[in-house]
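Each chain gets a letter, A, B, C and D, in the order it is written, and its residues are counted from 1.
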Amino acid sequence: MSHNTFGHLFRFTTWGESHGPAIGCVVDGCPPGLELSEADIQPFMDARKPGTSRFVTQRKEPDEVKILSGIFEGRTTGTPISLLIENKDQRSKDYSEIKTRYRPGHADFTYDAKYGIRDYRGGGRSSARETASRVAAGAIARKIIGSNIQIRGAVIQIGTSMIDGDNWDWKQVSQNPFWCPDAATAKDWENYLDETRKSGNSIGAIVEVHAEGVPAGWGEPVYGKLDSDIANGLMSINAAKGVEIGAGFASAAYTGVENADEIRMTDGKPQFLTNNSGGILGGISNGDTIIARMAIKPTSSILTEVRSINAQGDEIDVRTKGRHDPCVGIRAVPVAEAMLACVLADHKLRHRGQTGR
Amino acid sequence: MSHNTFGHLFRFTTWGESHGPAIGCVVDGCPPGLELSEADIQPFMDARKPGTSRFVTQRKEPDEVKILSGIFEGRTTGTPISLLIENKDQRSKDYSEIKTRYRPGHADFTYDAKYGIRDYRGGGRSSARETASRVAAGAIARKIIGSNIQIRGAVIQIGTSMIDGDNWDWKQVSQNPFWCPDAATAKDWENYLDETRKSGNSIGAIVEVHAEGVPAGWGEPVYGKLDSDIANGLMSINAAKGVEIGAGFASAAYTGVENADEIRMTDGKPQFLTNNSGGILGGISNGDTIIARMAIKPTSSILTEVRSINAQGDEIDVRTKGRHDPCVGIRAVPVAEAMLACVLADHKLRHRGQTGR
Amino acid sequence: MSHNTFGHLFRFTTWGESHGPAIGCVVDGCPPGLELSEADIQPFMDARKPGTSRFVTQRKEPDEVKILSGIFEGRTTGTPISLLIENKDQRSKDYSEIKTRYRPGHADFTYDAKYGIRDYRGGGRSSARETASRVAAGAIARKIIGSNIQIRGAVIQIGTSMIDGDNWDWKQVSQNPFWCPDAATAKDWENYLDETRKSGNSIGAIVEVHAEGVPAGWGEPVYGKLDSDIANGLMSINAAKGVEIGAGFASAAYTGVENADEIRMTDGKPQFLTNNSGGILGGISNGDTIIARMAIKPTSSILTEVRSINAQGDEIDVRTKGRHDPCVGIRAVPVAEAMLACVLADHKLRHRGQTGR
Amino acid sequence: MSHNTFGHLFRFTTWGESHGPAIGCVVDGCPPGLELSEADIQPFMDARKPGTSRFVTQRKEPDEVKILSGIFEGRTTGTPISLLIENKDQRSKDYSEIKTRYRPGHADFTYDAKYGIRDYRGGGRSSARETASRVAAGAIARKIIGSNIQIRGAVIQIGTSMIDGDNWDWKQVSQNPFWCPDAATAKDWENYLDETRKSGNSIGAIVEVHAEGVPAGWGEPVYGKLDSDIANGLMSINAAKGVEIGAGFASAAYTGVENADEIRMTDGKPQFLTNNSGGILGGISNGDTIIARMAIKPTSSILTEVRSINAQGDEIDVRTKGRHDPCVGIRAVPVAEAMLACVLADHKLRHRGQTGR
């Protein structure tokens, strides 16, 4: 069962609400003997944390991770690693007025329908704040898969503005507040997002993540496929509405000849001439770069009034104050990277368990 | 763990290879007391089975399901239901020449990389023949969720030809060999697919599935979300390269105002004025129709030669004889419906387990 | 979830009822490349099968296993292995009169309470016939753990008659119909069981199983301990009422000094001077022989009348006709061996997955 | 997978080492709407906590539980409940000398064999301190199963001294420091344990737990049986070496006639005239009191020297200083109660999930 747990051999369980005292996770199944300290995790937390530019929520959270267990003398012991992140900048009064009001696009309505009770402060458990725990777990996952595997992500579309793939430069990703690999497009997005924000609106985005260096052979057919587990992991991220691998939806328009990733030998190794497969065939990695994309819907918390109902069934108009990301897709990049890392760490161990390799 | 098992409370485990004596599955967790016989399952098998038109593979399989356990005097007993489907029309000699040749786009290469051994006959375990078991399990899942929930699927795009959404008519789906809800487009597809087939090529497709009547409240945040489980289930289908829920990738281009599914009251019940969410908010059903789409790549087995390698690392050219679907997307419709049904059955039981409702 | 599935990385799912057309199981997670055929499994089936002496049930079942998947050219492929065993000698009419009568000590009452329906023929799903599938899975598990690990079991007590441990001789186990390692006691048991049988009664037993050669390091604290998984596996066997490891319940009477398994070095290796631990410390194997024992209650199906009720709540007297083991403990030996093998196979893979060793 | 997780629908994951900053657990799957605060949990913590009498370890831990998530306005929300217990009275220097010395009967040797690294301070992860988290989870489990089910435990044997069953009085359990239901025997145990402690030795025990009021129908055959899950849960407790249900090992000596729990009707309800089954038939509760017993070996940490080896393979003599329970069986009672409560809570939800009852 997996209500709040992700993964199998490498697995993490997250807990915590947006405005509770803390959030965190327990990471289980980590191999013993890996060097690990808070310093290995914190940079990834910093990459996701709020308040770093005017294009993201202004909530100020240091997002400092504390390791409470599982490490001894600087190394993992193979026992559960408990990670804790305190919530510092809750402003619960901001939310009191949505206590009984359902914001369209939010989980307010569905949590009430499911549980009959919800912690409405800052979205409670449904808040994207939960993703901080994923990023922490992902940092550990990266240790497991090792430095030969490089996981990187980027925003490739915001609203109707797509990057020019020919301009792709991974170095640019850290040079702008959008994780944008195309410097020219990043410039455009500044104005685009400023306008969006000022008009009390929000906007969607597409995130792309790559894993280079994954050996051929990871993934478990037929219900633990590498791609279905990636789809599961990415779609579980707040606001995700779509996932694709390799050519993805574009492959629907391809013929078999166009879609075939032909193979030649290079330096004695198989070389795929194209990568429509996104590095996965039959649910198993083929050694090429794993490529996944996810669609992130626009933030539902907007200052513009929209029609809704309240818990009593009255028709109301709702506008959401508080501090929100005008484009949640931006901060979703390190989360998507983390989920990809976690899927790979799990599959590395599962593959090793079954085959001994 | 879930190498070959799907689901949690309602779960099925499939087994079998394309050219072995039989395939099948064990369905566990089914509630007791449901009326069930082979006759409830067979119509769904018939909808998926090969050889029904010139647009699908010409392999002739009756796909008759036998129930070996779990039913007593016409009703489920709550114990495992074992389902067996004999393979009748294997022609393994067709495949002998690909024994050591890797067909681009297939799992040949990755199975060898993973396991060091593979049953190459007809794709072995990686064959889409496995999906017959899913359809059988899905028929049982439909019994569990009940007749108030209607699950239906359609092909909405083949290659570059999309249906006109304004023409959508569910009745058309059974009137053409393409599961096409748009009569005019279905006509076009005949020629399109004939040409594709004759040119020794294949083509991709997009499948859309709906579940109407799902009550609000199903789905388990945050790692058993209804949408992430649907993504997992659909992406595990052979040849799937993308999954989206509701507006999906289109939502990346929307603003928050455009994307908000506003709510009014109708007959004392909440009514969503649009359905960009695809019936799921925060991972939980909202009572609106659940809508999912998946992209299916073109069949990799094509008569046109493509460049590849063999198991010895020699560069070769490969063309795949045998009997193949020119567009596997077509026969994927009943499989997608089945996976959606299985996810819903599992979540019905999970929700009931936790909440008692 | 594990209603009908045992194990994690190495796992099997059983299905089938005593008087259905067949029973069987699906074994998943088996490493690829192992030599395996029906001939590897059948000897274990024969050891468990009914009708081999007058001291066990006279039902005649060949218990021939058919492998339906997962093997190619004599080797495991890493995909699910489906095993089928036909039921040949059902005599369902024997059971018609217990259709609505609850036999004391049976699952009749509890299945009805749980499911509201049950296949009463021969005990249906609750029949010990299900254990044939465990034995088949266990034969595969033995392949995985390898021939360096030897798993053997014996009956050490029937009713009030215990073996003399000083007479223990493994060779005797196959020389009498009781799996008794003490020739003298085996002789006594003949009369004992003949009397029991003739008086329309039955008798309990204690079974002991050993695994020699297990390397130190298998087992996952704290909720996948090797001993708790063994306890789980053995207690799931029909009629089991107790499980102990090493000194077991006797250790309650020991002092710390008496109980300590002191350690010396022999040939450069740690040597435990005693084995009160039963080869397991902190849930992890220590390299010494793993020793487990289980108590099996007397067969509940007896010819002597006992007081009970029927499904309508009427007070009745019940005597059970049909063909039953006077001492089910005897045929439980190969089942206990199989469960121990399965636990070890699972933990070998789990240990390898996490640690790479 | 379940390295550090127990249960399925109701499940908890524990983390933490004896001498780390804290220990804790995450409880998932709790139904929403239950009243819950620290005050509901603390009494059970207090019952298990160390330092309460001279017969238990003198480590002073307040064992105060903090709830970090999952509760809103005094009620469970259905989201994960994170529980934290700070370690206050670590004295790690006590342990420095066992850093590389393997205490016989401890997990020192096996943790090193498995992981190649261990937190040796106070036993690290293998310490019985972990059981505090189980007790906390168990308090929540009691809320789920409701006050109609009463779970109680007692020590019925210490060393060679058994209680007299005829003197059983539940009220006595809280009147002596041994959880002893027999006042006369409790008196004897004072001297017995004082002698044991003063001689630098320790002693084993047997614990019995009851659950009254469990409805018929809980438990999932055949690999989620109520009794096999109880066996799993109890055997996972530190120092447990045996588990039995109902008559347990005694049933091996019974005939079928002796063992049969005959049934009559009383006030329109089935009434079992004896309870050899321990309230479980075929893995499913029968409505009678569930009775389980576990054997706890003597504490391995003793002041008496015993022969052992160190990590370098040198033969050494070991005596263990520090603060230890002379009889760990005593403090195991609330832990056993907690595990039984957790198994029942899980099965209540599982049964409800599958059957709707």
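In this text, a residue touches a chain if its C-beta (ideal position, glycine included) is under 8 Å from a C-beta of that chain, and two chains touch if they have at least 3 such contacts.
This one's a predicted model, so the numbers in the text were calculated from it and none came from an experiment.
Visitor: I need the common contact partners of chain B and chain C, sorted by label.
Guide: Touching chain B as well as chain C, we find A, D.
Visitor: I want to compare two interfaces, B-D and A-D. Which one has more contacting C-beta pairs?
Guide: Between A-D and B-D, contacts are more numerous in A-D.
Visitor: Averaging over Cα atoms per chain, report the distance between chain A and chain B in Å.
Guide: Each chain's C-alpha centroid was found; their separation is 26 Å.
Visitor: Where the CA atoms of chain B average out and where those of chain D average out, how many Å apart are those spots?
Guide: 46
Visitor: Counting only Cα atoms for the centres, state how far chain A is from chain D in Å.
Guide: Roughly 39 Å, centre to centre.
Visitor: What residues in chain B touch two or more of the other chains?
Guide: 1, 3-5, 8-9, 14, 29, 32, 78-79, 114-116, 125, 221, 350, 354-355
Visitor: In the complex of these two chains, what residues of chain A are touching chain C?
Guide: 1, 9, 29-32, 78-79, 221, 349-350, 352-356
Visitor: Show me the residue ranges of chain A that touch chain D in the complex, using the header's touch definition.
Guide: Answer in residue numbers: 1, 3-5, 8-9, 11, 13-17, 20-24, 26, 28-29, 32-33, 68-70, 72, 75-82, 114-119, 124-125.
Visitor: Please output the residues of chain C touching chain D within their complex, sorted ascending.
Guide: Result: residues 1-6, 8, 14, 102, 104-107, 109-111, 113-116, 125-126, 130, 157-160, 196, 201-206, 216-225, 227-236, 238, 240-265, 268, 270, 273, 276-278, 280-287, 295-302, 304, 306-309, 313-315, 329, 350-351, 354-355 of chain C touch chain D.
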